[in-house]
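The following blocks contain the structures, represented as structure tokens.
You will see two complexes here that share subunit A, one where it goes with subunit B and one where it goes with subunit C.
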Partner chain A sequence: MTVPAFIERFDAVTPRLAGGGADWLRRMREDGLSRFTRLGLPSRKAEAWKYTDLSALGGIDFALAAIEPDVAPHHLPEIPEFGGLRLVFVNDRFRPELSEVERLPPGVVVADLAGVLAGEGDFLADWLPRLAPPESHALAALNTAFLGDGLVVRLSRGVRLDRPIHLVSVGTARERPLAFHPRHLVLLEDGAAATLVETHVGQGDVSYFSNGVLEIGLGAGAELRHYKIQDEAPTAFHVATTALRMDDHARYEGFILHLGGRTVRNEVHAVIAGRGGEMALNGVTLADAERHVDNTVCVEHLAPGGRSRLLFKTVLGERARGVFQGRVLVDRAAQKTDAYQLSGALLLSPGAEMDGKPELEIYADDVKCGHGAAVGELDDQALFYLRSRGIDERAARRVLMEAFIGEALERVSLESVRERLAIMAGRRLESMGEGEER
Partner chain B sequence: MPTAAREQIEALAERKYKYGFVTDIEADTAPKGLDESIIGFISAKKREPEWLLEWRLRAYRAWLTMEEPTWAKIHHPPIDYQDAYYYSAPKTAERPKSLDEVDPKLLETYQKLGIPLDEQKLLAGVAVDAVFDSVSVATTYKKKLEDVGIIFCSISDAVRDHPELVRKYLGSVVPYSDNFFATLNSAVFTDGTFVYVPPGVRSPMELSTYFRINAEKTGQFERTLIIADKGSYVSYLEGCTAPMRDENQLHAAVVELVALDDAEIKYSTVQNWYPGDEEGRGGIYNFVTKRGACRGRNSKISWTQVETGSAITWKYPSCILQGDNSVGEFFSVAITNNFQQADTGTKMIHLGRNTRSRIVSKGISAGHADNTYRGLVRIMPRAEGARNHTQCDSLLIGDKCGAHTVPYIESRNPTARVEHEATTSKIAEDQLFYARSRGLSDEEAVALIVNGFCREVLQQLPMEFAVEAQKLVGISLEGSVG
Partner chain C sequence: MALLKIENLHATVDGQEILKGIDLVIEPGEVHAIMGPNGSGKSTLSYVLAGRDGYEVTGGQVLYDGQDLLALKPEERARAGIFLAFQYPVEIPGVTTMTFLRTALNAVRKGSGLDELDAMQFLKLVRAKARALGIDEEMLKRAVNTGFSGGEKKRGEVLQMALLEPRLMVLDETDSGLDIDALKVVAGGVEALRSPERGMLVITHYQRILQYLVPDHVHVLSGGRIVRSGGRELADELERTGYAAFREQAA
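== the complex of A and B ==
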């Protein structure tokens, strides 16, 4: 079992982290630490980590970013504008001077976690442990032990926030490898509605390890649109675990675009606890070089009449490796569930690899559940069709790839975001195409 | 591994023939439990050559270092491997003397399946004297096969009469150290079937355990080895639709198939071991390793299985597609009712160019049963142009059962195309209503619809088998509706 060196200094370090000496938080951290030391870094022997190898993490001497001297980014990388509120974190440190959190309407809390903990943060004692990802999740436990700053969103009953909330995370390490454990919490009370955009960018050649946890609680009839862009530095480890819990008739629409990172695991645990909950999670992964990108999604239908849709599209070039693990569980009580998951992958080069495991676990009989998975290369006939109409090979390939990922992109319901994502994906495809000329 | 354990194993490995098992040779049953002396006993009893005994012992020593797998979605109390007999000759004395002594429920099932009286006696384990003429039938068949050069005999006979073939192929597809249950089988297997089809020969008939079964009781650790030499074809049927009487709770069989250039093997199974009673008491634990190697170019191996019996089924008939253009197929119907558990599926490992595989799996779950499809499709980098299509459908009858699908898809070649589809649903009310309004009872209606659901697989079975299998589908689901 390999364990990062900084955990040895737990007692010395934690009083300096977000929330300081609050008793409830210290107990929560201690619990996280004991769970993590028991579980250790996940190894490939664990079924959930069969296709993603984190052993490289154990070999890097990460320092805890939160207690290291502040690393100012060389310059802020280009960050897409979505117009609205913006909270910028460099590693897991909140940067008010780069952020915009003004003119909040009544019933809306949008702030940084450390700030909230220092002020009126008692409601967090109730919420933070409640939504947490599964007990057995080692990296979420590590996050709990060392949780740093993050985003807190709380919307009171019936409040609908039109402006998107933009969470920007800039990862950077200069002198030595850094690890950080941001913790985000999004609570929408009954009937509230919001849009959350996450952008993860990074810079520098020194490796960093972003181990984030995002907890989302949606009250009855609440609606969240949640779009994430992962464009970490080429040496970065990005592990993100989202725990989502939905009450009656809540709606969640998620999208994830993977463009960067070295080793990436995006894991989502969704629990549809109330009747008639609807969730969709779609994603596009574009990876080349030696990147490893893993999308792992678990949807638990616990109540009747729920609906879930997963659609993941993956394009892999060079020696990249893609992973899709989808698990849909339908509990005995969740009659009339309608669940479908689909994973499609294009392999552009002989060194690329796609591994998938779309799993169904069903205990109710009156349900409609299915899954599909397909892996292959670009369709020769389609390519021929385009070329016979005078389109050169490169453009033809590009058209087909755009169409391929377009099926997932078009499910992004907010037009301004959809267009932005399409442009970013298109640019990435172009650079991948250069390496794959035949 | 702790050093203490390793020392213990090494000590065991050193200890050879200590018990002088030869003295026990007249006994019909080995003492309870498992150690090297028991393996020596089995081997001596079967007058095996030294190399086979060595092989068994190697397997046994490997087994001691292994742990029972826990990844399958099955639950059972721990198995005490020392609390079992690993060799026992057929017990003639305990057999029922006539059909009057046989459980009437069993007979009722036989009648529903339309099995002739003589066969009923055989299946129920009734001591058969001159009445049954299967011996003569078998002899006729044997003659016919000999004429074309096909070797079809028990594996013990093959070890004696064709040692070069057995030695060359035994363990070449499922090595003795393959997995916990296969390794146990390698150590203690008692009998099974051996088939060798010479180059260019097309077997003139379906080979079946049916007409061999009365000659030898195959027992709980069956070992089957089928070799189809270049350009040959053979179709082999295992098991039968009728419920089989068996006192052994643990079954761990191994089946190895080898297809050389242009050869084809079709292997069909109908498994209907005792599933336990309606409360989930008793029943067979069926932990089987079945694997075929498509070694030659253009070779083909096709598995068809209808699994309706056993309390627990743990079984993944697989194909290793080594030869270029080779083809693997897996057609499966698995039905679980009451408290049965099935975790079954296949592995298709694509190594050669233009290899193709097809998987069609139909799982039906009723009562309190759990039914899991678990499958792996792996495309290796050299498998240019490989193709796979997988279809797996699950049907749930009632709200106390579970149906699960766990496919693993691994592709490492861009020219390969892998497709997987799965659905889960229940029998639609309107279909049931339609059938009932035409005078069918609930059970008949369900049987009809389920048979339609399984049709793609059932039609892969040889004709006479298919008819029985259809009836079996209905019978297996009795009591699941209404």
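== the complex of A and C ==
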């Protein structure tokens, strides 16, 4: 097993990380370290990692960004504006001068994790370990051991925040490869509502490894809209693990747009713990070159009357590889569950590949569950039809690709975000169209 | 100059020769009907004219307005004024009819050196043309041909024709799958486009549509060749005698 060299320096390093010497946090980190040391980097022998190979990670000598000299980005890459609160992290270091967290209404905490830990952060001692992803998740354990900064959102009971909260992560490495382990926590108490937008961008030719964990707790009747844009640098490793827990009648609507990265794994573990919880997670992946993008989603229905919907659309060009793994588990108690998942992929070139498997594990007898998966090419008949009406081949291909991903995009309920995502996806498709024409 | 001049056209599909030497001249203002039994090569001729992949021309030539039509891509042919009304219009889920029509119209306009229409100008135009064909706006908001009835699909083709204002219209069994009321609407819509500058090639199995869309010339296609040509009375004759006599002639 290969593990990053900074792991050997755990004792020396951790006091300099967020939260400093707080006892509870140190114990949590130690627990994370021992689990990671035991598990090691995931190997493809593990069922959950059958299609995604992280062995390249082990071969790169990543330094821990948090204790390396600060790398200022040459210039910030273009970051979409969503007109709300904004927290910018560069290599997981909070940049207040680039952020906008003024004028918070009462009952709203929106801040950086390191800042909260340095102040009145003891409530985190209850929460951080509680929502965490599965014990057996090696990379989440690694994150726990070395967690740096991140976003903390806490909305008190009944507080509805209209403005979106925009989390911006900029990755950049210049002298040597860097790793960082952002840890985000979003807590919406009963009846609270918020919109979270995540943008991940990167720059530079040197590889970086973003290993993030996001924990989301939704109280009874709480509502979260969560939109993520992954546009990391072409050499970047992006591993993101989200743990979502929902109480009675909570609602979660998620969307993930993958545009960049070298090797990407976006993993979501959702637990619908309360009655009547509703979650939808949809996504669009656009990948070319030799990118590898893996969406892995696990939904556990533990209570009656829950609803879950997964729709993932993937367009792959050149030698890109896409993965979709969707696992839905319905507990004995979760009668009247309504769950459906669908994955569709469009291969633009013979070198592209899509892998995946849907899994349903059902222990209740009165449920409605289904899944579907389809992999195909652009429809020749439709292409000819469009061209016979004067639309050139390139534009015709683009029309068909936009229609294909549109089915997922239209599920983004917030119009302003949906439009931005459509524009970004359209731009990406334009660049993918090059070189694929016959 | 002839609008369309087909000379000794040979074409194969999957290595099999389907068109075995077609000659046909269409002058501006003329409506030609091509009739023939199933498998005679009618649809192949329409696809060759529109430039579909997989339809390989192995001999002869096609001049459109004096230029070599076969050298053009499908979209270039469309911009030059050729329109094929499909026998089976293609369903395109996820693309609204309105978006499709606007994209096509602006592509064709751009090809003719005209300005693109903005959203308001386009909307006004498409509404007027749709109304004339009894197409309600609800249909324009739906995805292209997706879930359309046979009649809606064919009316959609005629609407496209009315918007793109082609100079040569090729109608591939536009009458198939239509009841008599739908046929009247569709044929009437095509008839309204008849003009001294335009030519039409109406491909059909039955003479029914020709009652509403009266041709100047009728040709019988059988076994990949035009085996007989005449005036409109030839269509009536075929209605009485059927294609049997021509099958033998081709063989």
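General observations
Just so it is clear, the second predicted complex is superposed on the first by the 438 of 438 C-alpha atoms of A that agree within 3 Å, B and C clash if a C-alpha of one lies under 4 Å from a C-alpha of the other, contacts with A are read in each partner's own complex, and residues count from 1 in each chain.
Heads up, the rule we're going with is that a residue touches a chain if its C-beta (ideal position, glycine included) is under 8 Å from a C-beta of that chain, and two chains touch if they have at least 3 such contacts.
Predicted model only: the values in this text are computed from it and were never measured.
In the superposition on chain A, A:Val399 makes contact with subunit C only, while subunit B stays out of contact range. In the overlay built on the shared chain, the residue A:Tyr385 is in contact with subunit C alone; subunit B does not reach it.
Residue by residue along subunit A, subunit B and subunit C are tallied for touches, and B comes out ahead. In the superposed model, A:Ile362 makes contact with subunit B only, not with subunit C. With both structures placed on the common chain, the touch criterion links A:Met354 to subunit B but leaves subunit C unconnected.
Residue overlap on subunit A between the subunit B contacts of one complex and the subunit C contacts of the other is empty.
Chain contact summary for the complex, subunit A toward subunit B: residues 47, 332, 335, 345, 347-350, 352-377. Of all residues in subunit B, those touching subunit A in their complex are 71, 379, 381, 394, 396-426. On subunit C, the positions that touch subunit A within their shared complex are 50-53, 73-75, 77-79, 83-84, 86, 89-95, 100, 103-104, 107-108, 111, 143, 160, 164. For subunit A in complex with subunit C, the touching residues are 379-382, 384-393, 395-396, 399-400, 402-404, 406-407.
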